[in-house]
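What follows is a set of structures to go through.
Common to both upcoming complexes is subunit A, partnered first by subunit B, then by subunit C.
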Partner chain A sequence: MRRLRKYKPFVRASAIDMMAYRFNIITWAIVTVFEVACLIFLWLAVYQSSEGGIDSSINGFTYKEMIVYVVLTTIFGFITFNDDTLWFINRDIRQGTIGNFLIKPISYRGKFIASNIGAFLMMSIVFGIPLYAAGLGVLIGIGYLPVASVWDFIAHFALFLVASVLACLLNGVISYIFGILCFYTSAAWGLNALKTTVISFLSGTLLPIAFFPNVFREIVTYMPFAGMSQNPVLILMMKYDYLECCKVILISLAWLVLLELFAKLLFSRAIKVVTVQGG
Partner chain B sequence: MIEVQELTKIFRKPVRGKGLIGMIATLFSRKYTEIRAVDGVSFNIPKGEIVGYIGSNGAGKSTTIKMMCGILTPTSGKVLIDGKEPYLKRRIVAKDIGVVFGQKTQLWWDIPLVESFKVLKEVYQVSDSDYEARIKFLSSVLGIDEFMSQPVRTLSLGQRMRADLAASMLHNPKILFLDEPTIGMDVLVKDKIRTAIHALNAKYHTTVVLTTHDMADIENLCSRLIMIEKGKIIYDGPLGDIKRRFGNIKTLTLTIPPNIDPNEVEPFSDDIIMSVDEDKVILGFDADKVNLEHVVQYAFSKYHAIDMKIADISIEDVVKKILSQQEEEHAKAKKI
Partner chain C sequence: MHYIKLYFVCIKRSMLSRLEYKKDSVISILSFLLSNACALGSIFFILQAIPSLKGYTPAEVGFFYGFSMLPIAIDHLFSDEFWLVAYRRVQLGDMDRHFLRPIPVIFQMFAETFQPDGFGEVIVGITMIVICGLNLHVSVTFGAIFVLIIGAVFGALIITSFKIALSSLAFIFKRSGPLLQIVYNFTVYAKYPIAIFPKVVKFILIFILPFGLFISLPVDTLLYGNYNPYLLSLIIIGVSIVFFTLATLIWTLCARRYESTGS
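For the complex of A and B:
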């Protein structure tokens, strides 16, 4: 525990940073509201034009469930995916500030994990609590998200929190891996675009993985991305029973360990090619 | 304490073609040029010594320092800090070293200095009592308490340097690497920094390795010099030896009126070497052999100097002299 204490300042610093950008966050939130509205109308059109009409179920999702999915995925992404790991690594390499970390008795990876946790905590407390409360309140209130038993809901919510933390850490390590590639190329912008696209497509943020074609769907289900957006949201929607919840959480956990090991290996190789500017 | 064995660092730089076509060509084939920034350097530094690591720009000083503190990995050879290689055991060695790069700060730009110190206190796990005691000592030698609560970006260069030096000493490292700690400072700040380095060395027996371009830094601080040029060590020994070899060489630069032809002025003696650079006359002499007062009088009476400047020999001059001496020795050795 004592060894972890030295990362505390980085948790605090990124939490404070997050609040420094609150204006950006609010502007972004307004844009997001419009996006959600568009998606709702889009799905409305899809369901209305399907054979069974608005009450039909497409790939296991009814219209109501799809709306709940869209709203919760948006809130989830807003709270969970806000890390600048890739940009920070890129800047550290270009400006040579990476040296400042290499001469300190802390792990470079550890510093980013601490930052991810700090940002996540701050976002969860400041925006997460009101947004989830309002979102869930409305969705349950209008009957789009039926709650049969309160205890069942609370248990799923607890599992959802676990899955959220894992999603945040998975997102962090994937960003970090893409960031390390900046050691070899200066195409940070392209790397970031690639990362964002891959994550939003394969995590089910754009549309649920159930909509993908057969074999592809099976593969994507067992990839780390599913645990980064779709699975936590489906846990919260109580679409998974407890066994399935545990299964997807364990898959995420296994991927997290695997990716962290891979990141460690990648970093130890990349660090050998560091050339600090102005040597 | 510090052992450096056959240390070599080769940088590979891609050769880029000229113009647009050349740029496209480099997309498909990459040629590299190799630059030997550090080339087979070896030395040992015992505990408590203050060593000046000097050389001209691009000689390989900073690259060596960066390998010694674990930022860069050597191409071959090794560095041992207390028996451990810093680039392999980064986090363990980091506790024993403090580093200051004169060109870059390690402090957090936007937060008050004292907050930066508190972050470092946690990062290095310094106990409360040690922290208090060290801050007290560092404030007294560096005078940092007057700007403790200011954000780092509002500090002047001299203040920031003192703050950086204090930051690097908070965890009481066994070794302090200072890369050009007095660059861009005025005389008063330079003096304060030198006094502080002495005080730290005396109180904690900190081993100090410093690179500098300022001859005065070396005279004030270092007992030993390691000189590097083009990645190779050209001198390693006590400061006194260098002085004995080159004497206490000073240059006197005179601005003379246009009506005086410097080549017609009668020479002072063989001990003074005169050279002309446009309207300037440069007199080089050994201040231990020739009386400075006599030279100045001579300059005014014979040259009618309008303005004058006295300077110590620069590091570049010393390097040049050592190199030319070595070449002479080589030439002699070949003849025999």
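For the complex of A and C:
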């Protein structure tokens, strides 16, 4: 416990940081509302054009479920993916401040985990509670998200929280891995864009993995990305029974451990080639 | 004539500084290609599940997507500097030197950066147009090609006009990037035929933020011959001239209010 205490300032600092960008958050919100609206129109057109008409189910999703999926994935991404890990690593390399961390008695990786958790907590409390409450309230209210029993919903919500934390940590470690690649290329913009693209496609943010072609779908289902957006949201939508929930959570957990080990290995190799520009 | 020469001198300088970041450019272009592949893949996966999207076949939707990239790419090539004006340069007080030179500031902004990344978009867009175009069963008329070219070039001018007008608000408010971002992001709607949107959105996309006017209508002209290509071209050119004139006017008015932030 005492070993963890030294990371507390990082949790706090990144939580406060998050709030300093309120203005960006408002911009993001407006942009997103229009983008979500665009997606909803697209899906509406897709379901209207489908053979069975608007009430048909495509790849296991009805029109209503698809709208719920789009809305919840958007809120989920906003609350969960707030890491500046890659940018911080890039800055530490460019300005040479990475040297400071190598001589301090804290782990470089630990610092980022603490920051990720801080940002996640702050976003969850300040934006998560009202956004999920409003989103779920409306979706359940208009009958788009049917709730069989309250207890069932509460249980799924609890599992969703666990899956969310795992998604946040997975996102953090993947950012960290991409960040370490900055040691080799110092192409932070490109790497960040690459990371965002890979995550948004393979995590099911662009469209549910059920829409992917056969073999590709099977592979993506067992990759770590599925646990970063699609699976938590499908848990919240109660599309998974408890057994499936546990299965996807365990897969995420296993990936998290594997990726952390990989990151550790990669970092210990990369640190040997670090070239500080200036510093 | 003098300005054209000056433009090339400035652009050469900007290209030289870009060469410093070759790796970054390569990775950016790669990730750009990949993100387009993902977006397109998504659309095709969706289209596989339905017979057609409101009557549009996958090849037609792909053609739309490819064509929508052209005006956006052309704008991207020439006017990237306005993003910096909107987000940073005014706020940092970095514009003073431009106001001291005996050349219009707006010209200097165009000459400040030439963004070769835009070529990537042009290439992807044209490739898609060609691939999807070959799978379309339409009779290609000269008029349709003409209106597509007009749509791409003058559409870019309309996008640039929005950038000029909105970034110049930074002269008054110090920072107008977010507003520019919000308006610019409406280009996500431009990737699809406007037929899939409700009436209100169609109205906005033709009369207010006219992405539909220079993307959707020209493509519909090619696919279905819905509109008279020459009349449509004339309208697009007219609208773009009005937008550009208004934008430069707004820029001039706002630039008068410019005060250096000092630091």
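In the analysis below, the second predicted complex is superposed on the first by the 274 of 279 C-alpha atoms of A that agree within 3 Å, B and C clash if a C-alpha of one lies under 4 Å from a C-alpha of the other, contacts with A are read in each partner's own complex, and residues count from 1 in each chain.
Please note the rule applied: a contact is a pair of C-beta atoms (placed from the backbone, for glycine too) under 8 Å apart; a residue touches a chain by one contact, two chains touch by 3 or more.
The structure presented is a predicted model; accordingly, all values stated were derived computationally and were not measured.
Under the clash rule set out above, the superposition-derived model of subunit A with subunit B and subunit C shows the two partners fitting side by side. Touch criterion met: A:274 reaches subunit B, while subunit C stays clear of it. When the two complexes are overlaid on their common chain A, residue A:107 makes contact with subunit B while staying clear of subunit C. Once chain A of one complex is fitted onto chain A of the other, the partner contacts of A:185 are limited to subunit C, with no touch recorded for subunit B. With both complexes superposed, C is the one of subunit B and subunit C in contact with more subunit A residues. By the touch criterion defined above, A:97 lies against subunit B but remains apart from subunit C after alignment on the C-alpha atoms of chain A. When the two complexes are overlaid on their common chain A, residue A:8 makes contact with subunit B while staying clear of subunit C. Of the two partner chains, subunit C is the only one touched by A:41; subunit B is not. The superposition places the C-alpha centres of subunit B and subunit C at an angle of 90 degrees about the C-alpha centre of subunit A, rounded in steps of 10.
Judged by the touch definition given at the top, the superposed model places A:143 against neither subunit B nor subunit C. The minimum CA-CA separation between subunit B and subunit C in the overlaid arrangement is 8 Å, rounded to the whole angstrom.
Partner subunit A is touched in their complex by these residues of subunit C: 21, 23-32, 34-35, 38-39, 41-42, 45-46, 48-55, 178, 181-182, 185-186, 188-189, 192, 196-198, 201. On the subunit A side of its complex with subunit C, the touching residues are 23-24, 26-27, 30-31, 34-35, 37-38, 41-42, 44-46, 48-51, 58-59, 185-191, 193-194, 196-198, 200-201, 206-207, 211-213. For subunit A in complex with subunit B, the touching residues are 2, 5-6, 8-9, 13, 96-100, 102-107, 271-272, 274-276, 278-279. Interface of subunit B with subunit A (complex): residues 11, 37, 62-63, 66, 69-73, 87, 90-92, 94-95, 97, 99, 101, 103-104, 106, 108, 118-119, 122-125.
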